[in-house]
Each structure stands twice: as structure tokens, then as C-alpha cells.
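Some notes on the structure that comes next.
Chains here go by letter, A, B, C and D, matching the order in which they are written, and residues are numbered from 1 within each.
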Amino acid sequence: MTLPPILRRWEALLLLMLVVIAGLNIVYSPFYLGVGNIVNLFQLSIEKIIVALMMTLIIINGEIDLSVASVMGLSSCVTAYTFHAGWPMGWALTAGLASGAVAGAINGFWIAYVGLPSLAVTLAGLIGYRGVARILVEDRAYGGFPEWFNQLGQQPLLGPLTFSIIIFLAMFVFMAVVLHRSAAGRLVYVMGNNVQAARYSGVRVKRVKLLLFVASGVVAALAGLLYSARLGSVRGDMAVGFELDVITIVLLGGVSIFGGSGNLLGVGLSILVILNLRNGMGLADITGNTQTSVIGALLILSVLVPNMARGLHSKLQGRET
Amino acid sequence: MRWLQRHIRPEQIREFSLLLLIVAAVLIFGSMIDGYYTSRTFNRIASSVAIITVVAVGQTLVVLTRNIDLAVGSIVGCTAYFTGAQLAAHHGLPPVVAVLIAMALGCAMGAINGALVAYGRVPSIIVTLGSLAIYRGILIDYSGARTVTTDSLPKWLIDLPRLNFITIGDLDIRAMFALAVGIVVLFQIGTSFLNVARRFYAMGSNPDAAELIGMPTRQIVFSAFVLSGTLSGLAGFMFLARFGNITVEAARGMELQVVAAVVVGGVNIFGGSGTVFGAMLGAIMIAILEQSLFRLQISEFWRDAILGLLILMAVASDAVILNRLRAIWSRTELKLVTRPGTGAAP
Amino acid sequence: MKKILLATALAGIVALLAPHHAARAEATVAPGASVDMVLLPKFLGILPFDQAHQGAEEAAKELKNGKKLQYLGPTPENSVAGQIEIVTNAATQGVGAIMISNNSGDQIVPAAKAAKAKGAKVVTWDSQIPSAEGEDVFVAQVDFSETGKVMADMALHILGADGGKFAILSASPDAANQNAWIAAMKDALKDPKYSKLELQGIVYGNDQSETSYNQALAMVDKFPGMKLIMAPTSVGIVAAAKAMQDEKLCDKIKISGLGVPSEMLAYTKNGCAPEFALWSFVDLGYLSYYTAYGLATGAFKAEAGTSFKAGRMGTYTITKDPTRKAGLRVLMGPFSLYNKDNVEAAAK
Amino acid sequence: MTPATGQLRPIDTAAVPPVLEMRGIAKRFGATQALEDVSLTLRPGEIHALLGENGAGKSTLIKIMTGVYQPDRGEIRLAGKPVTVGSAAEGQIHGIAAIYQEPLLFPDLNVAENIFVSHQNRGAVTNWRQMFREAESILASLGVALDVRSPARGLTLAAQQSVEIAKAISLNVRVLIMDEPTASLSAHEVAQLFRLVRDLRSKGVAILFVSHRMEEVFQIADTVTVFRDGRLISTRPAAEVTPQKAIADMVGREMGLFQRRAAAKKGEKLLAVRGLARAGVFEGVSFDVHRGEVLGFAGLIGAGRTDVGLALFGIEPATSGTIELNGAAHVIRSPRQAMALGIAYVSEDRRQLGLSLPMSISANISLPVLARYLSRLGLIRTGEERATAEAFRKRLSIRTPNVDLAVGKLSGGNQQKVMLSKWLNTRPALLILDEPTRGIDVGAKAEVHAMIGELAAEGIGIILISSDLPEVLAMSDRVLVMREGRQMAILDGDSATSQTVMTAAMGQEMAA
């Protein structure tokens, strides 16, 4: 393995992909470089990438949260339901966020304190939380939110940036600091690598795990509310199926599904790669199924190609792996 | 007690406890729903279990090797559509050939996944998340938005879901359910007694040791995916027969149902333990919950919430029971070990 | 596909559905302009939308549009977000017109408004924007309140004068057009004429064959005494028919609703689904294209009272949409009712 | 301990034709020459000890023998014929099997299946009944009572080791390689293992025996080979070598075996434990630890020594009894609480329970007291963290290019030093060391021992849990002996001999 160290880094590969994709976009679409388009590029997936930041921590911790999309739906529906029941919008939003915290706490309790696998618990959450959202809104669609709420979701707030984009940027910085510089982030890694060693070092692993899932619930709830603001109305099927996109972003970012490794720089680059790819294909009038196929292929190739290159390399070196 | 502990392992009791949960669920629902204990209820559950079970058997093998196959829904959809299109175009196609087409296609799709995981060394969740999207995308392009309709299919196929394997009193055991049970029995025996199949357990239990004692670990993983694909192909054929009308949407999201069945069925998601019989029990448990909840006079909108809760309860109670049992077992083992050589010590 | 108008008791209603004729001077749509246009189905891979695409291509050819029609759609699991993305990207590219079969309810509104602000004409077809915000005009396949009556009539016709219990198998709880039709049907049922019809409940099959099939079977147990399943969705109706046939229940429980003749042929002939309705999706695509093209080239404006000639389909008038609080519509119509006598011809 | 039993049955090794010959073996990994021109001969009925510090090339040689690695140069001859061992499976066909320090069992498979799993020709179908019977008879012949139907998960290391040996026996091996098989066994278990090994020898099996425990090597080996830096330094009949000589060969200089630690001045009473118990695990444990005192814990594996440690540290809290620290009673329920009270526990299993292997040395050292390294904003002051790690690197002479290196890349001995640093960094008053020298080489072992002495001299109270009896005897001021969850005796420095400790550990009650 005597590739230059820089090329061995996952992030370098992502950066390369990003440059190629952005280059192609610039060459092939006159609309790509417009400020409006760049903002749209983020804005169209903003909720997914916000959730992806938190999912990064969960996966590094060695767990998974499949229920995020359902929690997004739940928080939107709770907010819409309480608002239409006459609550002030502020309280309705608080209720929405609280529903996310509760959902996350339920996940966290079963995973951290009972010791059930997160895949099973959050799979139940995926079905169950969506169900609770359905109970609240049934077949109705709720709109008619206060104008400021819709504007927050749809109009630029600072220069060309929308509220959601500002939240995302702030969260990215915050999460990067938390994950890479704070004690909490250190514990996330340690537990992802070796949860027993963490426990034997006096880390309150159960509590950390519970808090992580509560945070995941709150962030998903926040993303759900931002989604409602962007769309201006709420239905029971809000954000269905988003979990796969979120997990795809995180895994493409080089976070190991087995926990313990990965970083936010990689996830940030992966976000840019996927968003630019989608945007470019959208501008090139490539339809939905081709888009998902291409991203699927990208996901596989991004791991396969470096693997094969390494294999080939060590073969050329005349050593068995 | 000692005899019991020698001959029954906690893992077997886990399946037994799931069986008890199933019986309890049936009794509870039976007391709440009029006319619950009918052959129709049985048939409903049996036929909805049949297809999921066949896929879940394959999934179990994959999960045993510490992998996961999320592409099964897309494989079922693709094989159902493709086989349906072939049968619609060539009515004379013999049934056996149709089944073989479906299985071969599933096998090929599984082989691609398996090759990428085993030889490309790409984590299975990444491979199958990718191929989940790719296979479905190919299907949408291939189909040209056409739907395979029931009336374009040969009669033998349309009649297949109604074909009875055996009738016991009131109870019709449909051929498709019998087929699913047959596959479970086959694979249960296979994974219990065939040395080749025991490797799935060994491999998932300790991959490093498996490599060190010279097991062909890559082949093992590859064959798990191939079997999962092939069984999904067979399930695709069953899907075609049962639903007749196949759109490009066919079996979308089935992977989650299958994973749920496998998890509820007590297959360890981290590999090495669990049985195909357990996976079938998991599928049955979920089907009973789904079918019975629907019949309760509760709103359509309450079902998912309750279903989610019940799945959680099934997993939790199972885990708690198992942990208890493990503790009891290991305590006696500890005693055995602290007196090593009692038989031959000087 | 050949449409056949039935001269049944429904003749009166059908007459109401026929195109309104020019009240004002009729606008002509001039061919030969170059307009970028996007046809956006709910999602890809379903036959009716492809038929609409076919109709739109036919119109594009007739109108000699210098630009190719883009038929872009999301994948089914990503329908809402995908539709919004496609509308936004189309707006970025500055297209002249977007034709949307809306699957996103009012959630598409911000994106549609943004597209309008960039100068694109937004025409909805098949499924409207409920609030009509961000929409220029809705090309309605049939009158939505009439859909309710047609379904009620079919139910009464099949169940006979004594009526009976029935239940609805819909698409998803979030489908705007299905919900509108079901609401219209509930309204229609208040008429004493239908007093013998009892609606037992609504169940959702999410426009997936297998879910719809399982739901149809489960309905048999859930709704004792049910004699009819009304499925206002082309996916649901076929699945329900197959389910009843498989369970040998066709004698006791009939199927009706909205379906595609080629898919329903067998069930109509064997009596499982004696009667169902639909309109031509080819025509719907054709008319939508004419409407959008006319608006984008400035041949006419989206105002109530405007009439225009839509090629082979004749003249249509833009009116206020009586089924919504706001919004304009072009009403295509009519319903075609299918039974064992005409279904075979229509299926060809 | 009398290092003589091995020589009771001297064999004329030269008279028997060799079963396995390695000739001129060389192997290179990147820049490291792991093996250079190594020639080794194994004869049937010979126990051949392989000595060397970690990194001397023993493991590489073993892996070449078993087919895991291919040599760059040299040849392997089996019964006189050159062979290539392409894989572990081929190695088995040739009758070569290995038992490792950490047994490689399949936790989900049952004991019987673990014994037979690597049989290449066991047919297509498993005959469970027959397999259980054969497994039982093999284990019985080893004098091991194990439930062959129980899964390997949860077996103690000693039990797992027995399964590994049963596996080798079932394969009818001609060459058995044992890589530190005694590292995790207690004295009694070692004795039993040696009985088995001699048994195998008398059946004509050639045994390559790797161990860091000098007295064991001289107890059992017929021939002793020493490696250093990838080269074979010497091969001699055991009778002609002394431990001191062998160690000199290993480290390149003369060195004593275990220096008996000079007793430190006993300080005031630090810890008083009375009637401590954890239901079903251990009971009736009472002892004191003074500042500057080393209290050894001796006993068989599974006797409950580690469990007492875990109870004191709050991982598996005690269910009854009292713990007094500096005269104040405490109920310890969590590791955090124990740490706050000044207790540190260095686990016996550094890979599973001790270290986060992919993380840096400095991150591991700061982990238990991360709060100490936080700035006012709650961020980690990495500079300070690194400075601490640097200080420990010097103090414990951890051999590493820098403290940012992943711990997993260090050798076992250096990992152990990182573990020790991590816990010293908590500035404990009471240090519980659980098997602190398991599986590390002689040099590192001596360093750890010296460290224990220094710490005691600084006034820290130390509980030393070890299965290495000479180590316990050399290091401890007093020795507490446990057996089957009960405290058997506390022996004072002078009265603690291998004789008295073993007697207590084997079940004869003695007056304390």
C-alpha cells in the first residue's frame, strides 16, 4: 500500500468526484452556476442533509436510526394537528420538537437500557411513528400556517440563504466541533470502536447512547418542521422513505457501517457530491429512476474501485493481501 | 432440569417462546374478533406468509454470514415482472421453465450482489442499497410503463394460488404455502445437518477463525447471496402467480418486511445464530398481527402505530426471555468449568 | 382506445359533462413556436401516465413545436420530493410550460409559484393543486363532483334497487384527486335516491398491487355483509377484482370503480367487475399539451370564459372550477362507462 | 518451582527422523525482515520450545508452518519430502495444527462442532449423535468435563483452550504448534495441560511450544530454540540450557528471572473489605489494603478473583458486604463512582475491555479523565492531552514513534503500558491490576514489574490479580488465595510460597 498518502484518503476521492461532477455540470448546463440554482441545490434536499449530520454520529457510535423519516413526519403532523386545534404556532412547534425528543427517547431506552439491536428497534419506530402521525392527520392535508412560518421555509433570510440553509451550515460547524473536538464526540468514537472499553473507562455508555438517540429524534423533528415550512403544508406521508437517502449520504461519506470511523468532512463532501450529481442530472432532464440508479451505482463503485485499485496494487507489488 | 439444559439450548427456547407468543396472539385476537377461527383466517395468513417466508429464508442465510440483503424487494419485483412478460408473450412456456427462468434471473441478480460483497469486499449494506435502486431502475426502463396483467397470463398460473396441496377438514393448505413450508423444512434440515451449510454459522460466528481454518469464506458469502437471490426469484414467481397484475412497483419495500420477519424471528443481526424456522415464525407473527389488526374494528389509521408497537414488544420480550435463559445456562456452565477435570483429576 | 358513450340513465349527466362551447371568440393556437415544455406524471412506470405522454407527443407533433417535449417523472417512493425537484429544476432552466399531474397536494405550491414567477405556465392535469395556488389552469379529465355521482350510480346499478353495503378501496390517503372523488361520492350519497347504499369504510392500498390485493381480501373480513368494493384507482380495482376471483367470492362481492379496460377485460367478462368507468388518458395528455402550449405562446390567457380550439378534440372553454374554492379548469370529459358489452372493443 | 520434570525422560532426538524441517526460511513484510534464514527441525515425540521476545519472528514462523503465510525463500519438508503449505486447510491435511493464545472458536457453534469443524473429510452430513459422542470421549480423555452441546460462547478461556486441544487431537496431528497456550491458564490448569502435552508426546506428536513463562518451558521442553530479531539464535537440548542463558539469548544480555520486589514501607490503611459478596459469583471476601502495599490475588481461573475486582470497580457491583475507603463506607455502583473514590481497574482483556484499538495513544490515555482536558467551552485541549501522553511515554518507555499512533499498531507489551498509563493518569489511590503481564514478552514484563514496585513505593495500594504464580509471589507483600468464589487464605510474604498458595487454591483450608 504505497499509494501516496493523500490518495488513500477517502475524502480525496470524494473531492475528486465532486470536481469532476461540478466540472461536467458547468460545461453542460448554462444554468448550473446561477446563485438561484446553487441555493436550490441545497434547498431541495436540505432536510435530508440536516438529518444526515446527526445520522453520522449515530452510525459512528455503531448504531443506526431507521426511524428518522417517520419522526420527521411525526413532528410535522404533531405541529399541524396542534396548530389546527388552536394552539399558538410557537407552542405547536415546541410540541413537534418534543414529539421528536420522545420518539428518540423511546428508541434510546430500548437500545441503551434494554440492549435491543438498534436495527430492530428503529425498524419498529419506522412503522410505529409513521402510524402515530397517521392517527393524527388521517387523510387530511393541513396548510394555512402563519405567513412567517412559510416564509421562513421558502424565502431567503440572509442574502440568498434560506433559514434552513443557515441552520444546516450552523449545524455542520457545530457538529464538526462536537464530533472532532468535544468530549461528547470522543465518546461517540470510543463507543463505536469498543463499547466495553468505554464502559470499563467509566463512560456512562447507556446515558450517552440514550442522549444520542434523543438528539437524533430532535434533529429529525427539526428537519420535519423545516420541511413543513418549505412545503407550506403537511400530510401523513411527509418524508416517507427519506431514511435510505440519508443513510446513503452518510455511508458514501466514508462512515463505516460498523461504527468507530468516519468524519464530518467526508460526509460534507458526500453531501456535495450527491447534491451536485442530482442537480446536474435534473438539469440534464434525466428522470428519477435513472438518478437513483446512478447514485446507487456511485455508492457501490466508490467502495469497489478503491478496493480493486488496492488489490491490483498489492498484486503488482507481488504480495498477497 | 439438568437433562433439559443438556438437550435444549436457549436458542431453541427462543423459537419456542416465539411460538408461544404466536399462540397467545391468536388466542387474544380470537377472543376479540368474531369468527376468527375459520379456515379463511388461516388461508389469509398462510398466503401472505408464503412469499415473505421464501425470501426470509434467503435473507436468514445472508444475515447469518454477517451481511444483509436489502435488494430482495427489487429482485422479487424484477423477476415477477420479467417472468410475467415472458409468459404473456409465450403462453406455451412450460411451468417448470417459467419457474426456472424466475430462479435463474434471481440467481444472477444475487450473484452480482454476492460477487461485489465477497470478492469486491464492499460492505453488503452498501452493495444492496445500491442494487436496490439499480435493479428497480432497470425494471422501470425495461417495462416501458406497461403492466403485466392477469388476463395476459396462462390459465395454469392464474389458478396456481387457488391450488390446494392438501385439505384437512375445513382447512385448505394451498400449494404455495406448502411450497414455502417445504423450503423452510428443506433449509432447516440443510442448515442443521449439511456440513457445507453449517459454514454459514461458522463464518458468521467468527470470520477470522473461519479464514484461519481454511474455510472458503468468500465462497460462503457469495453463495449466501446467490441463494438469497435465487429464493427471491422463486418468490418473484410466486408473487406473479398470486397477484397477477405486476407493475414496476411490485414488491417495493418488501425488504423491510423481510428484515422485520428475520429480526422478530430471532436471527442475530450480527451473524452466527438464528434459524430459517425462526424466520418463518417471525413472518407468521407479523402476518398475524397485520391481518388480525385489520379485522379489529379500529380505524385504518391506527394500524401502523399498533403494528410498530407489537413488533417492538415481540423483539423485546424475546430478548428478555433469552437473556434470562442464557444467564441460567451460563451459570451452570461456569460451575462445570470451575471444576475442570473432575472426571480425571488425580 | 375507442370510447363508447352509453345511452343509459346516465345520458343526462354525460350531456352535462360535454365540452362547453364558445361563449366568446375562440382563440386559435398557432403551431410552429419553440417552447420548452415538461410533462410531469405522478411517477413513472404506470400505464395511464404513459398514455397521457403519448397524447401529448401527438399534440406536440401537430403543433410542430421546435423543442422536444420532456417527459420527466420521479420514482414512486420519492414522488413528492421528486416532483418538487423537477418543477424547481424546470424553472431554473426557464421552460415555457410545466404540466403536472400533482401528487403532492398543496406541498407543490411553493415550487409552482416559483416556477410561475420565472415565467413558466403551470398547467395541472389528472390531479389538481387543491388550493389552486401556483397553478394557471387545471385540465380536469371529468367533473370531480360528477365522479362521485358516477360512482354512486354504478354502485346502485350493480347492487340493484335494494342497495346494500359497500366499501371503498382507495389509493393513498394523500392522493388529492382520489380524496376529492370520495368526498364527492359521500356528498352524492346524501341524495335519497341512494339511501339504500351504505358506505362501510375506506381502506387504502397505496396504489401498490400487492397491498391493494391484501387489503381487498381483508375488507371481506372487516366489513361483514359487504357486497361491493368501489376502487377509484386503476391499480386498486384490478387488484381487488383478482382478489375476489381468487377467493371465489365474485358471486357475493362485486368490484367497480375507475379502471383501464385492457386491464379489466377478464374481470368484466366473468362478472367480477360488471361495470367500471374511465376517461381517455391519451386525450387528457393531448388536451393538456394544447392548453399549456396555448398559454405559453400567449395564444390565450388563463381567464374564465376563454375558449380555444384543441386540434382534433374540438373547442374547450376555461371556466371557474366549481369543485374548488379557487382556480380555473378546462373540463375534458366525458366518462366512459364499460361493461361486458363494450369492454372488449375498448381493450384493443 | 522445579524446572526438572521435562528432563526426566530424555530422548535421543537425533535418532528419530524429523517429521518437519524448515530450511532457510525468509519472509519480508514491506521494510521489515520478519524472518531471515531460519532452519528448524521438529522430531516425533519431541517438545520443542520456541523462545523470543515479541516481534522476534515466532508468530511469522508459525504462520508459515500453518500455511497462513508463504515464505519468500526456503523450503518446508514433511517426513523428508518437500511440500508447500498453501493454506491452513492444506496444513491440516499434512497433519499440522496450531493452538493460539486466544482460542479461535466459533462462539455460536457448540463445543462438539467446534472440535470437528475443521475436519476436511467429515462427509457431507453431520451426524450429531456420533459427533457428540466422539467429542465427549475426546474431552473425557483430556479429563475435561464440558457440555459438548453448549455453545462456545461464554466458555472461559481455559475451557476454550481445552476445546482447542481436543480439536487438535481429533485431527490426529503429527505436528502441534502451541502459541502461548498457558498465557490465560492458572497453575492448576497449566499442570493439567502439560499432562496432555506429554501424553501427546508419548504418542509421537511433535510439539512446538511457545511461551513467555520461563519456568514452564524448562518444566516441559526437550529442546529449546531462541529467536531474536527474525533470526534463530540457538537450538539446544533443554538440559544444556538454563533460564538465565535462554534469556540472555533472547535479549542479547544477561538478565534475572523475577526480581523479588523489596517490600515497601506499609502506609496507613487504605481499603477495608468485609464480607463482600456478589450473589452466585463470590462470597465472604474480607481483606485490607494499605498504602504502598501490593496484595496479590491468586487462585485458579474462574475462582472469582476478577469478579472481586469488578465489584470494587463497580462494573458488577457487590450485592452484600462493606467497602471502606480511608475509613469511610461506600456502596460502589458504577465505575464512575469508583474512579471518583480513587480506584482504578486495569482489565485482564486489553483488546476487548481495555483499549480502543483504532484510536490514538493519547486519546486512550485521557479517556477516563476526559473532563480534565476540557477547555471552558467544553472542547478537548489536545495539546495538553498529548503532553500527558508524552510524559507517560517517557515514564513507562512506551516504544512508539509518536503518541498519535493508533494503539492497535503497538505490540502487546506496549499496549499494556498504554493501559497502565491510562489508569495511572486517573491518579488512583488504589490500583487493581488484572493479569497485567499476560502475553507480553520478558523485557516488557520486567518493566511492568519495576513499575509496580515504583507505584507501591509512591504509596499507591495495589491489588495484583495474576495467574502467573511466580509473579504473584515475587511482587506481593501478601497473597489472598481464592477458590470457587470463596476466600481461602491470606498469606504473608514469608509464608506465601508456591506450595502454600497452591494448597490453598486447590481447596485445603488454612489458617490465615
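In the analysis below, a residue touches a chain if its C-beta (ideal position, glycine included) is under 8 Å from a C-beta of that chain, and two chains touch if they have at least 3 such contacts.
Because the structure is predicted, anything quoted here is derived from the model rather than measured.
Visitor: Which pair, A-B or B-C, has more C-beta contacts?
Guide: Result of the comparison of A-B and B-C: A-B.
Visitor: Which whole number of Å gives the spacing of the CA centres of chain A and chain B?
Guide: From the centre of chain A to the centre of chain B is 29 Å.
Visitor: Could you grab the centroid distance between chain B and chain C? Build each centroid from C-alpha atoms only and quote it in angstrom.
Guide: Result: the chain centres lie 39 Å from each other.
Visitor: Taking each chain's centre as the mean position of its Cα atoms, how many Å separate chain A from chain C?
Guide: Roughly 36 Å, centre to centre.
Visitor: Using mean C-alpha positions as chain centres, tell me how far chain B is from chain D in Å, no decimals.
Guide: 43
Visitor: Please set out, as single numbers or ranges, the residues of chain C touching at least two other chains.
Guide: Within chain C, residues 44-45, 75, 77, 173, 202 contact more than one other chain.
Visitor: Identify all positions of chain B at which a residue touches two or more other chains, and write them in rising order.
Guide: Answer for chain B, listing residues that touch two or more other chains: 136-137, 140, 301.
Visitor: Which residue numbers or ranges of chain D touch two or more of the other chains?
Guide: Expected reply: no residues.
Visitor: Could you list each pair of chains that touch one another?
Guide: A-B, A-C, A-D, B-C, B-D
Visitor: Note which residues of chain C are touching chain B in the complex, please.
Guide: Touch residues, chain C against chain B: 44-47, 49-50, 75-77, 173, 201-204, 207-210, 213-215, 217-218, 221-222, 235, 238-239, 242, 246, 248, 262-263, 265-266.
Visitor: Which residues of chain A touch chain C once you look at their complex with the stated criterion?
Guide: Of all residues in chain A, those touching chain C are 29, 31, 34, 36-37, 40, 44-45, 134, 138-139, 141, 143, 150, 153-154, 230-233, 235-237, 239-242, 278-279, 282-283, 285, 287-289, 292.
Visitor: Inside the complex, what are the residues of chain A that reach chain B?
Guide: Per the touch definition, chain A meets chain B at residues 110, 114-117, 119-121, 123-132, 134-135, 138, 244, 247-248, 251, 256-258, 289-290, 292-293, 295-300, 303-304, 307-308.
Visitor: Which positions of chain D touch chain B when the two form their complex?
Guide: Against chain B, chain D makes touches at 67-68, 87-92, 104-110, 113, 117-118, 120, 122-126, 128, 140, 142-147, 149-151, 154-156, 158-159, 162, 189, 192, 280, 300, 302-303, 484-485.
Visitor: Flag every residue of chain B that touches chain C in the complex, lowest number first.
Guide: The touching residues are 40-41, 44, 48, 136-137, 139-140, 143-147, 149-151, 161-162, 239, 242-253, 291, 294-295, 297, 300-301.
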